[in-house]
Amino acid sequence: MRAFNAAMIVVMLAPIVLVVWISFTPEAFFRVPLDSFSLRWYREALSYPDFVNAFVLSAKLAALAALMATALSFFAAYGLVRYRLAGRGFLLGFFTSPLVVPAVVFGIAMLQFVNRIGLYNDLTGLLFAHVVVVTPYAIRTLHATLQAVPEEMEWAAMVLGATRLRMLGRVTVPLAARGIVTAFLFCFLLSFSEVTMTIFMTGPALQTLPVRIYNYLTDRIDPTVAAVSSLVVLVSLCLVFLANLAGAFKRLPR
Amino acid sequence: MSLEIEGLEKHFGDVRAVAGVDLAVGHGEFFTLLGPSGCGKTTILRVIAGIYPADRGRVRLGGVDVTEAPIHARNMALVFQNYALFPHLTVFENVAFGLRMRRLAREEIRRRGREALELVRLGTLAERYPDQLSGGQQQRVSLARALVIRPDLLLLDEPLSNLDARLREEMRGEIRELQRRLGVTTVLVTHDIQEAFAMSDRVAVLEAGRILQTGRPAELYLSPASRFVANFVGPTNEVALAAIRTVGDGTLATTSGGLAIKVAARPGTDAGGKAAWLMIRPENLRLFVAEGETDNRYEALVEDVVYLGAATSCRLAIGDLRLMAAVPSTIGARLAPGVRVAVGWSAEDGVIGHDR
Amino acid sequence: MERAGWLFVLPLALVLATGYVWPLFQAGVNSFHLNTPEGIDLGHWTDANYAKLLDPLYQSILERTLRISLIVSAITAVLAYPVAFFIVRLKPKVQPWLILVYVSPWLVNTVVKSFGWSLLLRSNGVINTTLQHLGLIDAPLHLMLNETGVIIALVPGHFMFVLLPLWAAASGLDPNLKWAAGTLGAPPWQIFLRVTLPLTLPSLIAGLVINFTMNMTAFAAPAILGGVRARTVSFLAFQVNLEQLNWPLGGAIAVGLLVFTLAVVWSGQRLAFLAVRSGRTRP
């Protein structure tokens, strides 16, 4: 049993470990480095403008999308949790529904849509698409977070004279801080990793990092792409680490 | 089937849950393990059932050593505190489960299943699912499921603690009735003294993984072997003793305040230097006693009177000594703080205990 | 007072309505019109696009995609139980770390993962060179650029969609139930069959449903590891939309996929509901 589970873990981690390992090869082809390691391909990757630009674009896009999704979802979740709106359940379901729609379907629909309204190859269109895709995670997290913030605290602040908006900023947001940060980090990670929908709706002028890697793979093959991929893995690990610091994983079931 | 446990030990990490337990339950006997939470009683039950392996010691059922036997081979039935009914099966399916495991014929399963449900008066609910039943009904299904397989040993793990007070009393009687009728050897685990006393033939009081005393309820109550047992089974007065002397065929105990008390002789009453205490049950203190009516008689001052309905509790002062007395309220009506009253008790009512 | 609530909810609702519902709707509308060299002929409504989907070529691609997805889900279902129950028996502090290992594919994008698999599976990749080195095979195994490669990559890639709900269900199982079954005479395999399995089945089914739809709509893995011989529906969608620029047909594919996904999810939920009540003998 233990052997089986160990094998499963190896299978799960193998591709990622391999990519990172190979990125340190001094050779010009894919050979697992055993005695000599080199940062040659990292230098190569960092001096390759296409990759650097794609990285910057992905980071910008992820930051903006996460920011927008978190902000919009925060207010929406607040409305759902604190007010007895008719159709609350339906609205929550609606906000979470993008989860059910396959990325390919999104890709097709967004492609046709942005072309129609002239936003093809435009960051705005892509941004909207990413916001839609990461919203379910944001709304779920923030909905749970705000449910856990006692409403009494807000009433106490308002009784003392704060308007709702000021109260939100000074009471609710600090109390929900952990959930907000968690939602942001997850949205960032998801947007940064989003590839299928993005491939469909972007052209050569607007390549995010995963898309750039994909196109590179279909073009030529050298360890540069391994180095870039390793950097992507590094970014993901950092985000998970940050999320852990923010207490994202404390809610996991026993 | 009789049950024997010899030298049982069980620890979890560095916690010694069971630190050396021996006991013997006769065939058809209703035996209870009584103790506060954490005393190891549930652990013992689970070791008997085979859920936990013992670290040391043997378990014998009907003379046969079953210590190494797997859970499913022991023919014991365990009724859990939370009933542990299978939520995905109907009431009937739950009850029939043990019979299916024994690969009985379909007809027989049907018959015995119905019988068991009739036994606990739940025949009409056979098709319901556990989440559609009340707590008391679930408990009865749990019982039926245990009894239908005709176990050699019935184990009950605090089966009544999740029920409300009235239901608890009702079920107490029903379980005892069933047990007598079927004659199945039973071990009950509980922290409720009333439950233990009402249902059991014999009770073992446990603390910190050890059995302190085993005996019939009256023995435990009237002749507790230690202060812990005395206090656990009911409220008691404890009087610190300075000296104990054998006088005639009885014992004379002297309190630190100089009061002399006659106590009936009992084995193990010799102090030998260890601090000794005299224990007297509040209801054994009689008020308004005449000269010579009881072995011990003293003048006391009533300090406090609490009316409790059928009984009245009062605090008496004899010099520096404070005693709680429990009297029927008809007598208690004559008491008020400041009243002087003669209090007495017989030599048999006092029990001398020693610090361990 | 109520109105403030709507104000809070409105911005997100608007964004989703315009960036989510409307595009899907539009794609759906497009699918009912014909594509012409001059653009989409919005004058006439037609179901020709959907008829085109029934073409044997497209059908064989659908068949292949279904086959791959079902095989992946089946393998996952079998592997998920031992993994879930192994993790559940570990110390509570250790469990999240293992769960993280199984969730890790989701944290890295599928292109990098598929790239990693290509390094393992190609003819001169790690697996083949090692096996040849050890003398276990003479010629390299064809683990890539075919369906096998796609299956091998998708199993770990989508594993967590089944593992997480199954693990949660297994964690929530009352240990008393297993012990009760044991005392009633059930040996361990019977306990699994009659107690553990029925009670965790709904979670398994829910997870498998998601796993299956993710398999059906995966893009990067089949594209990189499947090659020409294992084109799936997602790649077809790519070709139709981005190479042929036939948006009505592309829209039809989108609608088809969406309807298929919703149907699977819906029937999965019904199945899970039925699985809860899985007792057998009649009294």
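We just call them A, B and C in the order they show up, numbering each chain from 1.
Note that in this section contacts are C-beta pairs under 8 Å (C-beta built on N, C-alpha and C of every residue); 3 or more make two chains touch, one makes a residue touch a chain.
Computed from a prediction, not measured in an experiment: that's the story for all the values here.
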Category of the chain touch graph - line, ring, star, complete, other: line
Most remote chain, CA-based centroid, reference being subunit C: B
Distance between chain centroids, defined by C-alpha means - subunit B, subunit C (Å): 57
CA centroid of subunit A to CA centroid of subunit B, Å: 60
Inter-centroid spacing, subunit C versus subunit A (mean Cα positions, whole Å): 19
Subunit C residues touching subunit A - in the complex, by the definition given at the top: 1-2, 4-9, 11-13, 15-16, 18-20, 22-24, 26-27, 30, 79, 82-83, 86, 92, 96, 98-102, 104-120, 125-126, 153, 155-156, 159, 168, 171-172, 213-214, 216-220, 223-224, 233-234, 237-238, 241-242, 247, 250-251, 253-254, 257-258, 261-262, 265
Subunit B residues within the subunit C interface of the complex: 46, 49-51, 70-72, 74-78, 80, 82, 84, 86-90, 92-93, 96-98, 100-102, 106, 109-110, 113-114, 126-127, 129, 145, 149, 155
For the subunit A and subunit C complex, residues of the former touching the latter: 1-2, 4-5, 8-9, 11-19, 22, 30, 32, 68, 72-73, 75-76, 78-80, 82-85, 91, 94-95, 98, 100-105, 107-113, 116, 128-129, 131-132, 135, 139, 164, 189, 192-196, 199-200, 210-211, 213-214, 217, 225-226, 229, 232-233, 236-237, 239-240, 249, 252-254
Residues of subunit C that touch subunit B when the two form their complex: 174, 176-177, 179-187, 190, 194-195, 198-199, 276-281, 283
